[in-house]
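Here subunit A shows up in two complexes: once beside subunit B, once beside subunit C.
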Partner chain A sequence: MAAQQTTAPRPHTPEEVTATVRQFISRLSGRPGIEDDRPLISDGVLDSVAAVQMVDFVERTFDVEIADEDLELANFDSIRGLAGLVNRRLAAS
Partner chain B sequence: MTGSVPEALLAALRDDAFTARATAWERAGAVPRAAIDELAALGLLGLTVDTAHRGSGTPPAAVTDVHRLVAAASPSLHSLLVVHAMVCHAVRRWASAELRDALLPELATGRMLAAFALTEQQAGADTGALTTTIERDGDTLRITGTKRWLSFGQIADAYLVFGSTAGRGSCALVDAGAGVRVAVEPVTAGLRAARLARVTFEGATAPAARAVARPGIGIPFVVTSCLTVGRLYVAAGAVGVAEAALRLAADHAATRAHGGTTLGDRQLVRGLLADAALATDAAARYVRHTAHEIEDREPSAAVTAARAKLLASRAATTATATASRLLGAAGQTEDHPLARLHAAARVHEVIEGPTEVLQDIIAADLLRGRHGTTDRAPSPAAPYREEDDHRAEH
Partner chain C sequence: MQSTEPHTPPAPQVKCVVWDLDDTLWDGTLLEGDDLSVPEANRQLVRTLDEHGILQSVASRNEPDAVTERLRAFGLDEYFLYPQVGWSAKSASLRAVAQELNISPESVLFVDDSEFERAEVAGALPSVRCMTRQELHALVAAGEVLPAQVTDDARRRRAMYLAESRRRTHEVAFDGPAAEFLESLDMTLRVRGASTADLARAAELTQRTHQLNTTGITFGQDELASLIRDPGHRVLVAELDDRFGTYGTVGLAVVATGTTGLAGAEPRAVVPPWTIRLLLMSCRVMGRNIGTSLIAAVAGLAEAHGAGTVAHFRPTDRNRQMLVTYRFAGFSVESRTDDLVVLSLPEAGGPAVPGYVRLVVEDTPAAPRGTRQELIA
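For the complex of A and B:
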C-alpha cells in the first residue's frame, strides 16, 4: 500500500466529489470537458477496460463500497450519475 | 486476504507423482473429475475465496505461485484454475450477498465446478457480438444460445453465461442439467486435457436470483473485471510454462556432448538461453507486480493485467521455441513434456484476449489524453515500480 499515500486528501463536499470525478473521467477518456450528463458507457466514451477502472477509482479514492443495489448502469453512465452515487454513499457512511 | 497456500496442497503439487499423473491426463486427453475432486479437497479451488466462505483467502501473488506450479506440469488443469477463479471473482465481487453466501462455499470446495461461458461461434474476442439471450420472466431467467470452447465445460456443474437481457449485456450462473446440452469439442493441440465443450442453452431456466449484477453491468463491468483476473492467472500459467521449458533447455544444453564440448559452450546457444531467461524472469516479476495492483484495487490494474498476459505468453512462446530448438529431435516427439508446453504457449497467446486485442488495450491506454489535445496528463496505467516487488517476499 506504500505507493498510495501520494493521493490527494479525501474530498468532502459534493462539489469536490464532482470535480474529482470529472477530472478522472477526462483523464480516463482522453477527452477534457465532457459534459456531466454525457453517457459514458452507452455512448462509447469509455471502453470496457476504462469502465472497470472507473469503479475501482471511485471505491478507492472516496473509500466507499459500491453495493449490489448500486449496480445500475445509470449510476455509472455519466459524471453526474457517478458523483451522485459517491455522494449518497458518503452521506450514508 | 492474508491466508497462505495450504501446505498439503503444495506438497501434492510438488510431488513427482503429480507430474506423472499430469502426463497420463495429457495422453488420455482428459483430466478426470476424480483427480480434480482430490486436489479440491486439499484446497486447490478455494485459494481465491475468503476463509468465511470456506476458501483459504490466499493473496493473489501467492495464488500466482500455485498457478505457475500447476501449469508447468499440466497446462490443462491450470486452465480449470483460471476459469474457476474468474467465476469465483464474479460471484465475490458482483453478486448479491445471498448468492455469495450460498455459492462461494460450493465453489471453494469444488462441490460446484464452474465454467466461464463467454465465447460464441461469431463472438470470440468481440463481446459486443454475443447473441445469447438471458430473458427475465418474473422470478425466472430463461437462457438461449450456444457457447463454444468452454474449458472443463464437459464436466462443469454450472456455467457463468454472458449474454443480453432486453438489449443490455448481462450474466447469470446457470446449473448444468435440463435445457443445457453439452457436446464435446474436438481436442486442441494445446491444453489437450481441458475437457472443452460446446454448450447449448435451449431455454434453460434459472432462478432470477442467479443473475450476477443487473443488465447493463454484466457487460462491460463483470466480464471485464473477470478478464482482468483471468489475464493475471493466464500470465502466471504462461510463466510456469516458460520456466519449465527453460529448465529443459538449460539441462539439455549443459549435458549434451557436442564436438568435444557441450552444447552450452556454444555462444549462439548461450545467446538463445540468455534471451529466453530474461523474457521469463521479466514476465515473472511483472506478474507479481500485477497481482499486487489487483489486490490493491489500483484503477490501472485492468491495463496492467493485459500487459502481463501479453508479456508472459510471449515469454512462454520464446522459451518453448528455444527449448524446442535446443533439444533437437528428442524434443520433437509428441509425448515429450516439451510438446505440451509448446502447444500451451500458443493457446496462452489466444485465450483471455488474443495478443492483438491486448496490444489494442495497451496502446489505447497510452494514447488517452494525447489525441489532439494539449492535456498531457500521465496515463492512469502505473509504470512498473520495483519497490512493489519486495512486499510479498517475506
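For the complex of A and C:
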C-alpha cells in the first residue's frame, strides 16, 4: 500500500495494462478474480466513488489524461472497459 | 489553577455538557436514599441545551441500574448519550464521552458540585471547562453556551448521533458487496422545496460542502430566501433517512426554471430547460449514490413541468466526483468555457434512481405569493 507510487517502469502493452487494471480493481473491491466483463458499478460491486479513484489511478499509473468526455459509465463499468480506455488514450498520446 | 481565565482566546463552541447527578442535576444523594428532585431550572436547561443541538451526557459515581431507573422516572433518560455511571475517575468518564461522540475535550463542559471532582477533571483534561451548576446557568444566561442560530439539524443532533452509532456498528459487521450493504440500509430520500426553516442549514451546506459540490457557489441565507420567493427558481432540499434513523438535511439543489410559474400550459418546445446551478451533497452520504437520486428528482420535476434539464459544473480541485455523477446519470457535455461546463440530459430517459433508494419528491409550487411560509422579518 505504501510504495505504490514509486517510479517503476510503466507497463504499456495492452496485456500489461489489463493486468494492472485487474490488480487495481481487485484491490479496490477487496475481491480477487473478478472477470474482465463483470459489470462493476451498475452491478453494485463498487460504488460510484470508485469511478473517481479509477480515474486518479489510471492517470497516475499510465500518465494519460482522462477527459470529461471519457467519463462514461461504459469506460468504468468493467475491467475490460477501463483497460480499453487506457489503451485508447495511450495510443493517442 | 483552573483553566477558566476569561482572557484566553474565545472558547470553542460547547458541543457537549456532561452532568454530575447528585446535588448537580438533581438535589439529594441517590445512595443515601434521599428524596431526589430535579430543580425546574435544571430540567429547563437540559431541554434548552438539547433543542440547541448541544449533546449531553452523565458522569456519576453511582450504581448504573439505579441511575437509569431514576433518570427514566424523571423523564430525562433520553437526553443523555453514553452516560458514564460507575466508580472510575470522572476524567476517565469525560474521556470516554468525548471519544464516543468523536469531539475534542475543549468542546466539552463538565458540571459538578464537588470541587474535588472538578479539580480531578481539570488536572487530567485541562481543556475541559469545569464548573458548578450555578456557574453553568450564569454562563448560559450570558449567552456564552448556546449557538447563535439553531438549524433543524441541530435540533435533531442527538437522534442523528444515535442513528450514526447504530449504523456504524452495522457497517463494520457487514461483509458483502457495496450494493448489498446499501440495500440493507433501506434508505428513503425526501426532496422538497426549501422553506424559510431550511435556510440556515441550506446556507451552511453551501459553505461547508466542497467535495460533492457541482459549482461551489455559496449562498447566504438572504440570497436563498430571495431565491425561494423567485418564481424563476426552485430551491430544493433533500433529507435522507434509513432504518437506523435520520441523516438530516444532506442535499441541496438550486435550479433556475426560467419560467414565471406558467409552465405546463405551454407546449414543450417553448418551455425553457431547468438549469441546475448548484447541486451538493453532504460528505456524510458519500458512496450511497444519493447524488444520482437527487439529480433524478430534479430531472423528474422538470419533466413534469414539460422542461428538459441542463446542469452547470465548475471544476475545482476536489469536485470531480460530481462531474462523474452527472455523466453517469446520462448528461452529456454541451459546451465548455474556462471554468464552466454545461451539460444536458437527452430528452429520452432521465437518470435511473438506484433500486436501494426510495425517492419521495414533493412538488412544492414555486413562489406561492407568501401564502405558504411566514414572512422573513
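The criterion applied here is as follows: the second predicted complex is superposed on the first by the 86 of 93 C-alpha atoms of A that agree within 3 Å, B and C clash if a C-alpha of one lies under 4 Å from a C-alpha of the other, contacts with A are read in each partner's own complex, and residues count from 1 in each chain.
Everything that follows uses one rule, which is that a residue touches a chain if its C-beta (ideal position, glycine included) is under 8 Å from a C-beta of that chain, and two chains touch if they have at least 3 such contacts.
All figures in this text were calculated on a predicted structure; none of them were measured in a lab.
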Touching partner for A:57 - first (subunit B), second (subunit C), both, neither: first
Subunit B versus subunit C as contact partner of A:92, first or second or both or neither: neither
Most subunit A residues touched (candidates subunit B, subunit C): B
Which of subunit B and subunit C A:26 touches, first, second, both or neither: first
Which of subunit B and subunit C A:45 touches, first, second, both or neither: second
First (subunit B), second (subunit C), both or neither touched by A:72: both
Those residues of subunit A which subunit B touches in one complex and subunit C touches in the other: 29, 31, 41, 47-49, 51-52, 55, 68, 71-73, 76
Contact set on subunit C toward subunit A in their complex: 177-180, 182, 286-289, 291-292, 320-321, 323-325, 327-328, 333, 336, 341
Contacting residues of subunit A [partner subunit C, same complex]: 29, 31, 41, 43-49, 51-52, 55, 68-69, 71-73, 76
Touching residues on subunit A, where the partner in the complex is subunit B: 1-4, 26-32, 41, 47-57, 59-60, 68, 71-73, 76
Subunit A contact footprint on subunit B (complex, rising order): 94-97, 127, 168, 213-217, 219-221, 223-225, 228, 296-303, 306, 361, 364-365, 367-371, 373, 375, 377, 380, 382, 385, 387-388, 391
